[in-house]
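In the two complexes below, chain A is the common chain; its partner is chain B in one and chain C in the other.
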Partner chain A sequence: MVSLFNGMSPRGVLAQVMTVGLMVTSAFMFWKGLAVVTNSPSPIVVVLSGSMEPAFQRGDLLFLWNRSPRVNVGDIVVYDIKDKAIPIVHRVMRSHASDRKQLLLTKGDNNPVDDLDLYGYKQNYLDREEEIIGTVRGYLPKIGYVTIFLSENAYVKKILLAGLVVVSLLQRE
Partner chain B sequence: MFSATQRLQNVFGHFTSVFLMLAAAIMLLSYTHWWLEDIWELPMSVRSVEPKILMKYSRRFGGSNNQGKENCKLKVDFDGDLTPLFNWNTKQLFVYLTAEYDGDRPDISNKVIFWDQIITDKKDAVLDYHNLASLYSVYDTTNSFNQRNATIRLEWNIQPYVGWLIYGETVIDGIKTINFPAVEGAKKRKTRSKK
Partner chain C sequence: MSKQQTSANLYSQNDLKNVCDDHISSIFGSEGYTQTHTLVDTRLALGYTSIVISAIVAYYDYKVGFKNALVFTTTGVIIYFVLNAALTYWLLNVEKNCVFQGTKGDTRITVRSGGKNTEPIYELEIVLEDKLGKNISHEKFKLSFEQFFDLNGFIVFNKFSKSVKECLPKDKKKM
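Coming up: the complex of A and B.
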């Protein structure tokens, strides 16, 4: 590792490490800041399945918003049920709302039936407060495919990350 | 200074800004076009809506073996032209028929989709249906619709190739409300509100 920094003063090495740290933390801050603004734990999601085709295909990037206390019928929401691994992007087909609570039934545009079988055991409706991560507002096609590629090929991710760190450490202005 | 990584970074950065500018231009022009077309004022003529109630006893229809659930289906006649919703940035149009009705308490409101349709081609955007059967067998959280009135709407959602989603509804000319009928031959059950 020492030979990597050949010809650099200790101060220079530290400055370089600082720059890398700054890059990582500012990316993290941007993500968390967006989460605060949108009130959604995951404000940008990548579509993983084809159940909303032709509206959304695998790899499309969705921008979420979670500030409205009630979602509308016809809205496309992202929901995350406890004990189920992957969040799902589907359309709201029914809403039963009171002052305290909103119950929702969802369905994928490309699926023949509603999501009853995707919910938890004996669960008939989604809960707006508990299970909705956000409503889809904006859309960019295909860009998210990069992340699908990375997460399905873990070694590529590791190589890429290591490469990035090495490159940014070696870079000199 | 001019290393390979630097060059790669520049190319990538340039590509990103070109892509984003292009997307912004497409969005701006298409949204202006939709706005000029007055798409929130499209007329839809609804000539007839006939609701029918059936008792169902399976989980798929909200019921269980010993507890029946009122399920409602519709027969609808309507026509209208939605072609103004199509321009170069329309990826798909999602048209849906909704009914909104009250609940047991004044703070409860319910809204359900009875029928929907995905339209991806401008040629298919002229709707004209006779005796169209609703796609979904709709049930409430309680066991009965209690012969309430419901407001009918034909709404749409434009899914663009790039940009934000647009929602709107048509201006209905004709039948705007329906009344959920009683179940024929069944004795009235006590409704149970579900937690």
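Coming up: the complex of A and C.
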């Protein structure tokens, strides 16, 4: 038989709850730490479409770096446009840079046309400062399918999370 | 008096040790020691402070966006990991599996427990110090779980209490 907080003192219960809290927050803070170091709000992303094949396939895990002030033509960047749900991974085709600003045009390697249609209404370019989340610096193939599976089956995610919390509350080290 | 509500798994050293740990404080309480919670409270303070910091960082970042929150987030992350390091240090070097700390008159007692999960043994370490922190005695004991657990995995409190009390230095008990 298992039971929650079996005969534990109030401090024992607090300590047990704290362990779970630290587990969750340390994962979160590690992520935030990585974001701060790479200067990217989302330093690891998962490829969702085949638009960059054969370079990247759906499910690949990408590691981003966002510390270089200018990106180069040929770089693969991830951009996030306001009001559009998902960040996009595409290659930089053109760049117009001044001291203050860099404007970019991107295209998916596997797409027949450039990204103009993917940008916002009447938007003809990407702003490096505003919209680029990072340049791809490394990748792990296929691993990202785990998150694709979890986000496409939201209930699995909830069950898994609830299960983790319950198990760690029940288990005393 | 047993506080145990459900049976322990007799094959799990960890389970048995936890049940014993939960009963230590009432034994030393009945020996006249007033429990002090400084060690646990410090740990809880460190842990919950870092959880709160993490929550604030998450909220602020969500509220004003990554770029505007960058300095705040950086500071938060640094403080969080410093606190976590302090917590780890506290657990490993100060608290060291302490299950009871209390005072009786000028004597301070610190009880630590342990054991290997391959052995059915409850290890106790009892440290007695005077007011100035000078060691009066420092002894380690090994108690066998079978002495005070019944076949159903419930602790027999009287037997456990007796075994633990036998570990206390005899002459000090008269103090």
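Definition applied: the second predicted complex is superposed on the first by the 170 of 173 C-alpha atoms of A that agree within 3 Å, B and C clash if a C-alpha of one lies under 4 Å from a C-alpha of the other, contacts with A are read in each partner's own complex, and residues count from 1 in each chain.
To be clear about the criterion, contacts are C-beta pairs under 8 Å (C-beta built on N, C-alpha and C of every residue); 3 or more make two chains touch, one makes a residue touch a chain.
Every value quoted in this text rests on a predicted model; they were computed, and no experiment measured them.
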Worksheet item: Is A:78 in contact with chain B, with chain C, with both, or with neither (first, second, both, neither)?
Response: neither
For A:28, using the defined touch cut-off, is the partner it touches chain B, chain C, both, or neither? Pick first, second, both or neither.
second
Item to complete: Quick one: classify A:12 as touching chain B (first), chain C (second), both or neither.
Response: second
Mind working out whether A:41 is in touch with chain B, chain C, both or neither, as first, second, both or neither?
second
Check: Where does A:126 make contact in the superposed view: on chain B (first), on chain C (second), on both, or on neither?
Finding: neither
Practice problem: Applying the touch criterion given at the start, work out whether A:93 contacts chain B, chain C, both or neither, answering first, second, both or neither. | Solution: first
As the complex stands, chain A meets chain C at residues 1-3, 6-9, 11-12, 14-15, 18, 21-22, 25-26, 28-29, 32-33, 35-36, 39, 41, 172-173
Chain C residues touching chain A in their complex are 2-7, 14, 18-19, 22, 25, 37, 40-41, 43-44, 47-48, 50-51, 54-55, 57-58, 61, 66-67, 70, 73-74, 76-77, 80-81, 84, 87
Contacts from chain B onto chain A in the complex sit at residues 3, 5, 23, 59-60, 62, 91-92, 94, 96, 98, 103, 105, 107-113, 116, 118, 120, 136, 138, 140-141, 155, 157, 159-165, 167, 194
Listed in rising order, the residues of chain A that touch chain B in the complex are 54-56, 63, 72-76, 91, 93-99, 103, 109, 113-114, 116, 124-125, 136-141, 167, 171
